[in-house]
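What follows is a short report on a single structure.
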Amino acid sequence: MAKMVLLCVLVSFLLMPLASLALTQDFCVADLTCSDTPAGYPCKSSVTANDFYFHGLAGQGKINPLIKAAVTPAFVGQFPGVNGLGISAARLDIEVGGVVPLHTHPAGSELLFVTQGTVAAGFISSGSNTVYTKTLYAGDIMVFPQGLLHYQYNAGTGAAVGLVAFSSPNPGLQITDFALFANNLPSAVVEKVTFLDDAQVKKLKSVLGGSG
Amino acid sequence: MAKMVLLCVLVSFLLMPLASLALTQDFCVADLTCSDTPAGYPCKSSVTANDFYFHGLAGQGKINPLIKAAVTPAFVGQFPGVNGLGISAARLDIEVGGVVPLHTHPAGSELLFVTQGTVAAGFISSGSNTVYTKTLYAGDIMVFPQGLLHYQYNAGTGAAVGLVAFSSPNPGLQITDFALFANNLPSAVVEKVTFLDDAQVKKLKSVLGGSG
Amino acid sequence: MAKMVLLCVLVSFLLMPLASLALTQDFCVADLTCSDTPAGYPCKSSVTANDFYFHGLAGQGKINPLIKAAVTPAFVGQFPGVNGLGISAARLDIEVGGVVPLHTHPAGSELLFVTQGTVAAGFISSGSNTVYTKTLYAGDIMVFPQGLLHYQYNAGTGAAVGLVAFSSPNPGLQITDFALFANNLPSAVVEKVTFLDDAQVKKLKSVLGGSG
Amino acid sequence: MAKMVLLCVLVSFLLMPLASLALTQDFCVADLTCSDTPAGYPCKSSVTANDFYFHGLAGQGKINPLIKAAVTPAFVGQFPGVNGLGISAARLDIEVGGVVPLHTHPAGSELLFVTQGTVAAGFISSGSNTVYTKTLYAGDIMVFPQGLLHYQYNAGTGAAVGLVAFSSPNPGLQITDFALFANNLPSAVVEKVTFLDDAQVKKLKSVLGGSG
Amino acid sequence: MAKMVLLCVLVSFLLMPLASLALTQDFCVADLTCSDTPAGYPCKSSVTANDFYFHGLAGQGKINPLIKAAVTPAFVGQFPGVNGLGISAARLDIEVGGVVPLHTHPAGSELLFVTQGTVAAGFISSGSNTVYTKTLYAGDIMVFPQGLLHYQYNAGTGAAVGLVAFSSPNPGLQITDFALFANNLPSAVVEKVTFLDDAQVKKLKSVLGGSG
Amino acid sequence: MAKMVLLCVLVSFLLMPLASLALTQDFCVADLTCSDTPAGYPCKSSVTANDFYFHGLAGQGKINPLIKAAVTPAFVGQFPGVNGLGISAARLDIEVGGVVPLHTHPAGSELLFVTQGTVAAGFISSGSNTVYTKTLYAGDIMVFPQGLLHYQYNAGTGAAVGLVAFSSPNPGLQITDFALFANNLPSAVVEKVTFLDDAQVKKLKSVLGGSG
């Protein structure tokens, strides 16, 4: 293993002709074998057109039966070409009755293009707790400001599909239910900081695989 | 009223000697009578030392009986001198048994100095839903990364006090419970996007003054 | 007219309750009646869900017969809700034989989702003048780094449609041909700075409506 | 006066055809009659080539006899075309024996091109207080990192001239001597915070026109 | 030694499961064994709650007898959890008669909470050299804009304590006296660029350990 | 080779005393032997005054006979001291009849100081395709906004020289002719995306060394 890592470092240097190192930085395709930095991953040395191309949103994502929906990311981890470019993508597949539960993207705003079906979407402002909701049909777009709680659910009679863009290569995705119930945060703490009832917390911890 | 607004605009110009307008921009104290911009408020024309000073965190904040705690902000709206400076402040007062419920700051990271008492604090990462918790005593500090769900509660036997700094003049504060239960977001939608039970949602809507 | 403008300023102030002015800045919907700033437009005071919604990309754009294609923007000027959020959108309709000619976006990177048909796309790096090209089918995405020359054309046998996201609310669009031939830049200067022949320059100036 | 200001606002609106307001933001020439914002001045509505041109650095600046040097700025206040573009300029004229005294630019890094004569220049790092000095001849360039104390003086036998660029449209200029001795900061405070002797402080306050 | 470094690199890779590398970047705790970058340190691979916690400001700092004060930093170098988060902290302990001498933070604005005693504080604007001063009591806060000269001294009859936040994980600290007198910058140069007398310069160089 | 790279990594660590690693980041001189990141190169560990100094613009650049001009860069690749400082430089030498052909800087605005001769310069806005031109004489400066097409040519009777600053350490340089004709982009594609005639494209491909 140690040998593999050394190799990685060496290859990275060998592929990068020193003379051209600093000519320009039109782009910086992520080298995911290196540590991330606050501004994104170090740049890969050898780049082709394929680095700027992503096929993984072409088909339906893997539906999570719990939410009858799939969120398929094309963030920097899946699509290294977006590193440093201030943008990334995802695909939503929402079956009839499905929902992308209440969540935030801590590091980016979201732009949703509905390409099929009918989606009810909303976000909630901080401070005043105002709710902004729309029913979106194929062709409609909606923007969700960075860091605010929002949701989408299928409001139609057939499957819904959305293409999503983010204002960051790595926007993050924090689903409130998963943050509360899919880990080992003790039930007593969850109850204290949310005012939810003990039975409710334990029920959802059980559904989502949490402990404590 | 219309007259008052005109007056405001004129005074703003009269107080700002044209010759010195563009000499420098060491700071930009917010003119809260103007519209905000994505980078903060337009600069006030006449500035004194008092604009960089704030007394409002010196005493205990007004305790909200529901949470037995007070969050007193010194954001740009209360403390215009921080406009454009990438920083702001707040004070937490948490009584015995009190809690600052689960919340996020959509636009800033938080640094908490505990100055009195004992505070249990935690945040949850996105993606992996990992919980990071600490018990903090007077003199301890903890940092909460931007946009992530976190909480603080009194874990001691006396009142706790914290001084808080943010990496933005206007970090926002979105309390999850208030976003879900203190507005007119219909119960059916809350239930759909959180998987909470109807009785639970209605109970908390009632406590927090929500409708629908 | 003067009266109308005054009215605009006054209404803007009247609609904005002073008390809530600085509570938060979750978003900053553009007030397009005010002057832009380097960070975007001042914030509109009264906001509804419709400000975050845009319908204008739902149908085919108006095809320009010269290029057999349409570029329909949803930049801040058309979709004020994206102001300050670091993102915007557009729709490409490219008929058989159509082309989005060589162009740059001076202020943003572009992410293209092909939703129908077949699109040949490419961009050229600076410095080394390397060409990166891909043929994209429905479902494919490609990213074009900020400021680099790129193009898209229909490479299939039916109409092609693309949804585009940008990493800026106002990315700009500079079509090289229009910059050279659709204005009054003298032919002699165009020839000097491009090495194009006089006949070629005059032919294209004539096609694109330029003078000089 | 009030009438003049109103006129300014109205003219600004009248000159800006509403339809083209949000088409693009290639640039944002400063409207210096409006209040500054943290990101720079609002954009002027009617722009010509002259807004991007500045003649004021073509001749020798007005020599300050105290320092036998002139610093002539082309910051946003003098050259509104640089607003929002992350760059500005200045010209240094340093007579034999002259000096640009110890100073910082709080908001930008500096790049100095020496175009005539010989200049001794240096800056001091924070923390370790390391001194970095060079003697610069015509054609040499040196960069001074943002916010660090630095100086330039004539180290030759004829007048020296430098052209300077900054990484900000409004970098500021804080000359340490002027900050300490050219205002009403009481001598006792200056002495307390600098450990300078009372006689020294009073001597320089007298030279530089300070009081207290 | 070489072996140790290799080990560090390898361990860093071994601890970071490749699969989870790019899932999210909620935070980026500094790996201080790697080189810094303009945006901060590369991210540490294995993180616990302790990385976001700092105890080092809980007690009085080590008083420097020269200034009868202590400045204890919790910058990224001491508190790696703040890396990339746009914030850091420090603690000031100022004995009776003590002073934090004239200084700047080249890379951040400062927010001071006085928690004990009485502090006289001031900063000086660039350009106009205006002095902004306040006397601060326990509970008061004051903000000092980035890059401007400022100072704090004990103005009371007992020890004073301040908690400080900065708008950067690594704001820097340039104390004017140390920059001038605590290094090998020749006295003749100091005198030339500050107009201080030779005796004064030599006296302070002697006190502060400078040479030349 | 592999040994050389290992050595580089080790030396870099050995030279950097661990204790001082995180004291400050006043600057970050590029270590060009490491991979770039989206925010610039990792910082070199051992720095001297020479890192902030550049002599390479002192003499005339190597004239390209095709354009009778030379563009000599002092970007981060040539002048590592500018890394992370938001600024860089270049020198233009334009012989009689020479031209810096139509080009953009994808990642920075440009400020041109003409120091000798007469230069005709212009840029073209996006959207409206408006041309902004000036004839510049020694001492004049002009600013070219980021990403917009611009050109400079000698409009006088002797050689012209310009010193150029950029708002980025690595602004890039995309010459339209080179992007179109100096690579393997097929002629048919060039024609399709530019509407240039086949003969014209082939003629310029031949002149500039392109193929296809």
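By written order: A, B, C, D, E and F. Residues from 1 in each chain.
The rule is simple: contacts are C-beta pairs under 8 Å (C-beta built on N, C-alpha and C of every residue); 3 or more make two chains touch, one makes a residue touch a chain.
All figures in this text were calculated on a predicted structure; none of them were measured in a lab.
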item	value
Set of chains whose contacts include both subunit E and subunit C	A, B, D, F
Pair exhibiting more inter-chain C-beta contacts, A-C or B-C	A-C
Subunit D against subunit C, contact positions shared by both copies (same if over half, else different)	different
Computed distance of Cα centres, subunit F from subunit B, in Å	44
Centre-of-Cα separation between subunit E and subunit B, whole angstrom	25
Centroid distance [mean C-alpha coordinates] between subunit F and subunit A, Å	36
Residue numbers of subunit E (touch at least two other chains)	6, 9, 23-24, 26, 34, 37-39, 41, 106-107, 122, 125-127, 133, 145-148, 172-173
Interchain contacts (touch definition) - all pairs	A-B, A-C, A-E, A-F, B-C, B-D, B-E, C-D, C-F, D-E, D-F, E-F
Complex contact set, residues of subunit B against subunit C	1-2, 5-6, 9, 30, 32-39, 41, 75-78, 80, 106-107, 170, 172-173
Complex contact set, residues of subunit D against subunit C	6, 9-10, 12-14, 16, 18, 21-26, 28, 31, 34, 37-45, 83-84
Contact footprint of subunit F on subunit C as seen in their complex	99, 101-102, 104-107, 120, 122, 124, 126-127, 129-131, 133, 145-149, 151, 153, 172-174, 176-180, 182-185, 189, 192-197, 200, 203-204, 207
Touching residues on subunit A, where the partner in the complex is subunit C	20, 23-24, 26-27, 48-50, 52-55, 57-59, 74, 79, 81-82, 85-89, 108-111, 113, 115, 122-123, 125-128, 132-134, 136-148, 163, 165-168
